[in-house]
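Some structures are shown below for you to check.
You will see two complexes here that share chain A, one where it goes with chain B and one where it goes with chain C.
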Partner chain A sequence: MRRLGIGFYLLLCPFALWLLLLIILPHLNMLEVSLNLRSYTTPKSYTFQNYLNFFEQPLYWNTFVRTAWMSILATLLTLLIAFPMAYYIAKLAKGRSKTLLLMACILPFWLSELVRTYGWMIILRESGLLSGLLRYFGIIENNIEFLYNDASIMLGLVYTAMLFMIVPLVSALESLDDSHIEAGYDLGGSHWNVLREIVIPHAMPGIVSGCIIVFMLSLGNYLTPNLIGGKDSLWFTEQIFTQFITRFNWEQGSAFGILLLLLSSLIVYLGLLLSGQTLSKTMGK
Partner chain B sequence: MKNSLVTRALTLSIACAFASSVQADELRLLTWGGYAPQNVIDMFEKETGHVVKVTNSNNEDMISKLRATGGAGFDLAQPSQDRITSAQQAFNIYQAIDMSRINSDLIIPSMLKSTNENTAIGSDIFAVPHIWGTSGLVVNRKLAADVKDYTDLCNAAYEGKVSYRLKRPTLIGFAFAMGEDPFAAYGDTEKYQAILDKVEQALIACKPNVKTYWSGGDALINLVRSEEVVAAMAWDAGGWKLNRDNADVTFVAPASGALGWIDTFAIPRKSKSLDAAYAWINFVNQPKVAALITEAAGNFTAALGADEFVNDVAKAQYQESFSTQDLENIKWYPPVPAGLEDLEGMALDRIKAAQ
Partner chain C sequence: MIPSIPMSAPRQRLYKLYVLAFLIFLVLPLAVVVGFSFNDSLFPALPWQGFTLDWYFGTQSPKLGLFHDKILLESIGNSAFIALWVTVVALALALCNALLFVRYQFRGKDFLYVLMLLPLVIPGVILGVSILVSSSQFANYIEEAFAYDIEWLRPGATLIVLGQVAFITTICSLVLIARLRKFDPSLEEAALNLGASPWVAFLTVTVPFLRTTIVSAGIVSFLMSFENFNTTLMLVGSDAPLTIAMFQRLREGSTPVLNSVSVMLMLVSALLAVISVTFQKKEKA
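Take a look at the complex of A and B:
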């Protein structure tokens, strides 16, 4: 085996520091805080109460289930919308138009997420663009509020996550040799056969890695549900934020943070099991 | 937290990185938007030579920030007077004020006295008053003329057209409007919980009326300005700001009493430039400077004689919103006992979660 030189370790240093100082240490600290008993009077002691609260109060448990469910739905919707787009970009578009299409997907992400979310709010609000346009064409009589409901949250989530689905899909589909598709047709396969037997199996690692990224992004999203969802938003990250910032209850907030980490990892693991993929296969590509 | 090795290691490494960049005569001010307008900062820097660095914040954020560092990172903070003793007892983030360094002649005596009493722990005083104001109703008088009290926001006529914050002032305001006295129940957890339960039911029933729970002042102003929201629970200054653009909209003191707050000056425990902090307090309490701050923040200050220098528009708005009776009816927040906010937090969570 070849010995690794000092250059390797020097180059590794920033990454190792980042991992240690910004990922591992804070998580260990959070784990410790989450096990503390919250009390101003008694000295520090350890307890599982913060974790028990999550399971005992239906409020928190329901919020988590709702967040996870909506994130899964957002992931599936994103996949449905992104797959044909990615297929077109990877297989049908050529040269310049291909670059243009990819750029069109990336361009909105040059703005911050906050600005994009406010953009949607301007379009969807009661006195907003969409409402005004529908009224102009006489389709509706009074302004309609499109914001502050579950459908608008979904729209915001799908829009935010779209790019992160398209990129892995495009790269997975690009590696598929056109001759395989042609062979499928030559052997008498219908569009559906070819899609199911050739394209999807080949793109599976891309689909799974895209789904994992989109799911995690949606689950961890704070801005979109909060701003677009309004009074009914109720997102789990919002609960964590509230515990930390407005309730000063770091112990509870940390416990929620750890639970979010564990439960979302579990969901991803189940997803991998269901699709028959492994993490190394999807992420290593 | 204090003993955690991890925290110490982190603090040490961050402290090393930044230690060299902090100047001794820099005043790092943790305050509210509008409380430190640029023209006042310029005057102060010119007169004293200290440099002012402003961070805008709110009550919860101030406590969180100071708690995270054990009272370091800022030299002067401006929490509300009712939120100081509980935070101090729980997290030990402030240091006592040296009253001999405050020019008390510049401050309205009654306000100074009540703030000192409300923020004292033992013989230590932790704050002096700066800006006061109220929260009540911001009403579009053309579209929602009959909104006179918090509970009127729940009239079926205004479905989807009102807004309030999902924070403790809303709970307190509704409790008063429903005939309870939450402040009297501060010391009695069981009684307070009973009041909270009642308010929780009312606010859940009121949910169809709410367009959205506002969180930032700008968001609310947008909603009212576009007439998407016709009545809201908000601060007086927000109502007066809207009044300048649309005469129909203004601040209305609710029949059950506006809720009065006083934002203060408190010194974080690890403040690095005490000289600059005391200099700033004494500087902004000069009547003419205080008037400039009133124009920027929209609220009046505790500085004696500053009203004379405030412009006529602000004075007229103030008099229209508050009759003498309304002023006497203001419910001033007493200090919040530690632990009470946990009960309120659970109630707020349940209101938000209700469908």
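Take a look at the complex of A and C:
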């Protein structure tokens, strides 16, 4: 190995500054604040009280579990819906129609999540399009509120995250040689056999990276649960927001932040472990 | 179709139907937003009251159009200002990272690469909160010690730029690293042999090779910044960018002026997408 010259250190500096000042130190600082006792009178002291609050208050705990559970569900749903579409784009569509289909899947996501969520709100709300159409066809008599329930939150989460599933899936499936699939059928495999033994194992890196990104986006989402779910959406990021901005209880908010970070790291880690992938391989492509 | 693999006709039709349904699912909320931006009603809802352009050009409240809505226009300006800074800073950092990770071999490289990917698995809300906590604490410390308030460390445009740079840098780095890996170092060596200084060789050989990628990475980071919500929400001061301003109006219940803003966003995003795709095509050619 040749000696590293001044150029190396000049390039290392901005990298180190970015990583330290914007990522590592802020998170360590948040960890420290989460262990502080909230008090205006006594001098600074350390405590686990903020974490104990989390376990003692059923509201916090339930919101946490609910957010994790709904995010996992949203991830699986997104995968199920996206997979046939990705397979169609990667393997069945050819030439122009392939490019057009892929563009059609990507373009809506160049747009703000806010606009997409707004579209669903116009469709689903009580005076909205769906309610109006159903009334027009005489299926219902009075307007129905389709917003502010778990199903609509799920719809919003799946829609928002769709692209981040489709793109990794398409690129993983494209690298699968057609002849492997043919060989599977030649050897007498059924559709299901070929899918399970050949297509899915090959697409695994794409599936894992898609799932990780979608899960992260759902877990950390604030906008969609808040707008589509309304006051009772009970999303954990809303608890964090409330503690920080509304109640100005930064110690409690930091503890919540750390807990959410731990949860997301844990699930990402488990996902990588179960599928035998590494972060560099799935993300750093 | 994979030509050698039989698929029964009904199955094929079913598959096509699925693809069609998927595309409708993607386009529906956006079409609805566009449609209701022309509805002559004070609410973005049924019934249809006739066609109007008031939500773009209306000069009088309550039918104040986008082009006369000072608050919205100002927030668009704020967003553009932030996005421009984020793009410049993130691109500069990403270029350094790309050179660092492609050109140099050093101890701990794999570990640092994983650290570089970290922002992708940190939820945006947490990223925002951690930067809010640490910058405020630092500012408080300075204020107590030196009686001097560093204003830009308080919530506002600068903090938003920092928060967004934290994760957009990673995305730009990945794009630039992928491109730089395809660069043949002998080209730069040839320039050195012909008597160019390292700096001149870099500027005249490497940078032109990267130019198209830099442009498309720049477009992506501009859009990501412009449309970011989660991180921005935690760091916003008195000068709200567009997504925050729209969010506040959405919660209060707004006139269809939000639809016309969304349509403008669609047009700009589509334009940028086309530019980016054309550049990528050039790169491949």
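Here is the rule we go by: the second predicted complex is superposed on the first by the 254 of 285 C-alpha atoms of A that agree within 3 Å, B and C clash if a C-alpha of one lies under 4 Å from a C-alpha of the other, contacts with A are read in each partner's own complex, and residues count from 1 in each chain.
Definition applied: a contact is a pair of C-beta atoms (placed from the backbone, for glycine too) under 8 Å apart; a residue touches a chain by one contact, two chains touch by 3 or more.
Keep in mind the model is a prediction, meaning the values are calculated, not measured.
Visitor: According to the stated criteria, A:148 is in contact with first (chain B), second (chain C), both, or neither; which is it?
Guide: first
Visitor: Applying the touch criterion given at the start, work out whether A:257 contacts chain B, chain C, both or neither, answering first, second, both or neither.
Guide: It touches chain C, and chain B stays clear.
Visitor: Going by the contact rule stated at the top, is it chain B or chain C that touches a larger number of residues on chain A?
Guide: Partner with more touched residues of chain A: C.
Visitor: Looking at the overlay, what does A:62 touch: chain B (first), chain C (second), both, or neither?
Guide: first
Visitor: Once the shared chain is lined up, is A:231 touching chain B (first), chain C (second), both, or neither of them?
Guide: A:231 sits against chain B, while chain C stays out of touch.
Visitor: So in the superposed three-chain picture, is A:249 touching just chain B, just chain C, both, or none of them (first/second/both/neither)?
Guide: It touches chain B, and chain C stays clear.
Visitor: A:134 contacts which: chain B (first), chain C (second), both, neither?
Guide: neither
Visitor: Contact-wise, after the overlay, does A:116 reach chain B, chain C, both or neither (first, second, both, neither)?
Guide: A:116 sits against chain C, while chain B stays out of touch.
Visitor: Given the touch rule stated above, what does A:125 touch, chain B (first), chain C (second), both, or neither?
Guide: A:125 contacts both chain B and chain C.
Visitor: After lining up the shared chain so the two structures overlap, which partner does A:25 touch, if you call chain B first and chain C second: first, second, both or neither?
Guide: The answer is both, since A:25 touches chain B and chain C.
Visitor: Name the residues of chain A shared by its contacts with chain B and its contacts with chain C.
Guide: 25-26, 29, 33, 125, 127, 244-245, 250
Visitor: Flag every residue of chain A that touches chain B in the complex, lowest number first.
Guide: Going by the criterion above, the answer is residues 21, 25-26, 28-29, 32-33, 40, 44, 59, 62-63, 125-127, 145, 147-148, 230-232, 234, 239, 242, 244-250.
Visitor: Using the touch definition up top, name the residues of chain C that touch chain A in the complex.
Guide: Chain C reaches chain A through residues 1-2, 4-5, 15, 18-19, 22-23, 25-33, 36, 43-47, 92-93, 96-97, 99-100, 104-106, 110, 112-127, 129-135, 137, 162-163, 165-166, 169, 174, 177-178, 198, 223, 226-227, 229-230, 233-234, 243, 246-247, 250-251, 258-259, 262, 265-266, 269-270, 272-273, 277.
Visitor: Enumerate the contact residues on chain B facing chain A in the complex.
Guide: 1, 3-4, 6-7, 9-10, 13, 60-61, 63-64, 67, 87, 89-91, 160, 167, 207, 210-213, 226-228, 338-339, 341-342, 345, 349-350, 352-353, 355
Visitor: Would you pull the chain A residues touching chain C in the complex into a rising list?
Guide: 1, 4, 7-8, 11-12, 14-15, 18-19, 22-27, 29-30, 33, 81, 84-85, 88, 91-92, 94, 101, 103-108, 110-116, 118-123, 125, 127-129, 132, 159, 162, 178, 181-182, 185, 212-213, 216, 219-223, 227, 237, 240-241, 244-245, 250, 253-254, 257, 260-261, 264-265, 268, 279-280, 283-285
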